[in-house]
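The structure appears below as structure tokens.
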Amino acid sequence: MSSPFSINGGACVAMVGKDCVAIACDLRLGLQALTVSNNFPKIFQYGDNVFLGLTGLATDVATVSDLFRYKVNMYRLREERQIAPRTFSNLVSSSLYERRFGPWFVSPVVAGLDPKTGQPFICGFDSIGCIDFAKDFIVSGTATEQLFGMCESLWEPDLGPDQLFETISQSLLNAVDRDALSGWGAHVYIIEKDKVTKRLLKGRQD
Amino acid sequence: MADRYSFSLTTFSPSGKLVQIEYALNAVNQGVTALGIKATNGIVLATEKKSSSPLADPSSLSKISLITPNIGMVYSGMGPDYRVLVDRARKVSHTGYKRIYNEYPPTRILVQDVARVMQEATQSGGVRPYGVSLLIAGWDEGILPEEEIEAKEGEEGKKLSGKTGGILKGGPMLYQVDPSGSYFPWKATAIGKSATTAKTFLEKRYTEGLELEDAVHIALLTLKETIEGEMNGETIEIGIVGPPAHHLLGVEGVEGAVGPRFRKLTPQEIEDYLTNL
Amino acid sequence: MAMFSQNPLLNGASYSFSEAPKFNAPEGAREHRFDPYTDNGGSTLAIAGADFTIMAGDTRLTSGYSINSRFHPKVFKIGGTTSDQSDATLVLSVVGFAADGEALKERLDAICKMYRYRHGKPMSVKACAQRLSTILYQKRFFPYYAYAILGGLDEEGKGAVYSYDPVGSYEREQCRAGGAAASLIMPFLDNQVNFKNQFIPGSGEGHALQERERHPLSRQEVETLVKDAFDGAVERHIEVGDGLQMMIITKEGIEEVVLPLKRD
């Protein structure tokens, strides 16, 4: 309970579909058992098709998301192009490893589409930047076990955007309902080639 | 104590010129000619290997250098200064890019980094500008999907070839960097002693939609116009940016591994081109 | 040296008197500690249907990172009159510390048998559930380290599942997952058995949405759910695997099925 990763609570999940990806997070911000806010999104956008989910210590979530805002802005100015999801993931990895002996207490998740091939891309990280390239789904936060159970049984290959939305939403909602530190609504992003759909899920408010 | 009272040697003259930089350009203009030609599917860099003595072993001399697997460069001017810049370019392409993004820098980014190194030498205390101009040639992967590139080219009604270079589309890029730190993209250019003659020649021979093989041919013809000594595989040096050279990878069967696009031609390959000239 | 071994067994027997620390202690000082519990991993699952109950558990037995057995059942028939339990009506599943689970099973079985001999009828699941709670609470200060689930058919013939904590707190439920992968399986059950977070499309906005009505699942559906739940758990939990043991309790009796699970 006193682990920095589980003081504020929160959950995030990303999934691969057919020519699309999805990323979703809960909205709770807490201090141990006390809920402080029910509007604390944990997903940030860094390009047309690049999304980062951050769970863990809320102060680090805010700081790290701003740090990557700065780094990605600098990248865009310098290179006169948007950052690709894979390049962004490597930036996340190297930035986290810079703090090898005093890490940010966050578990990032990246989701996006490769701008060149349109291929879905997701990956997750530990707090010091080791990348987990997954072909199916990535989970992070205080509800990881529940999310693993849900995703492992609900996910299947080549889901279309609508099916993927249903799958990721059910996975997240049912997982956070079994985690006292997560929940209070959710944000879901469905990322397609020329379209990003963001939906707000109400979920249980307890 | 030297660092406390060190002043920049490059200072403005009353007329607004930085004469140190002009001196550096003079050094470049006394250097052996080097040239670069961009084709649709690659680039050629070429220069003469001039040794001061007939006793020197030409095979140990190398003026064209590999910076990243897809980027190489050549110089005109002072050899020792060039080697320092090669070291810096190789270093900065890793520390400033590969170690951060796990991919090699696009050509323009590397050019900017090298240009910054050269500019800093014009404004820092206790140093002199680098006495070289560089030709940097590289291939960028690009991030746009293929069909989008074709659509864009259709609009502009320009080239029929797939790529024209640059960070977005990908393809070959050729830059010149000067001692002042300024840099220019070129379709074809030359630096050094006979740069003017060579450039006039290139203007005549260069056409849009050039293929790499034609470019190598033109490069050799241009070099022939300006060369002082004999022309053979030992006395000239050629580097090309072309299709991935899988035979240089050193490994086989590794998924996703792509060979380097920049490679130097062997004396034998150069001889072959020369016989067909 | 053994302290840094990957194998917890080599770090001293973890279920008994632990080794006294040989370092960082003042001269002559020794710590003596009785450490009687181990977690033997594994997972169990129970779902009640309209006229049946399915109790399931994997058959792996672990200690730390070691697999001690690939076939060690966690699901037992309880209260039959014979040694093969062919006329049993109740099923008990236990996860946690295997030795305690075994002891608990033996005790409850003996009690159910005694009840049956004395009363001439098998114990009802409701009565057995209460008795199991008492057994567990009697050891309130030296508990059986076991998460028990009791399954059977109630007086009306409906499926009944009772779940317990190690000290006897219990509840009748529609379904329950226990053990190492409980946290992986439970939200799946909420969703697929009790239809949690499922709503009737177009029935409203936000919290005004109508919940999808619950209906009892068929035996076929429940068996599929159990298999899917364990396949998911096996994939992500190292302490779960090898075999899936299922007991299906109907008024005809108890059917036992053992299916293979991934062994890696």
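Think of it as A, B and C in the order they're written, each chain with its own count starting at 1.
What we mean here is this: a contact is a pair of C-beta atoms (placed from the backbone, for glycine too) under 8 Å apart; a residue touches a chain by one contact, two chains touch by 3 or more.
Chains and their UniProt names: A = Proteasome subunit beta; B = Proteasome subunit alpha type; C = Nucleophile aminohydrolase.
Worth saying up front: this structure is predicted, and the values here are computed from it rather than measured.
In terms of Cα centroid distance from the overall Cα mean, chain A ranks first.
Looking at contact counts per chain pair, the maximum sits at A-C.
Most remote chain with respect to chain A, judged by CA-atom centres, is B.
The mean-CA centres of chain B and chain C are about 70 angstrom from one another, to the nearest whole unit.
Mean C-alpha positions place chain A and chain C at a centre distance of 33 Å.
Averaging Cα coordinates per chain places chain A and chain B 42 Å apart. Note for the complex: chain B touches chain A at residues 99-103, 106, 108-109, 112, 141-145, 167-168. The touching residues of chain A, counted against chain B in their complex, run 78-82, 84, 87, 90-91, 93-94, 115-118.
Chain C meets chain A in the complex at residues 181, 183-188, 190-191, 196-198, 206-207, 228-229, 231-233, 235-236. Residues of chain A touching chain C in their complex: 145-146, 148-150, 152-154, 170, 173-175, 177-178, 202-203, 205.
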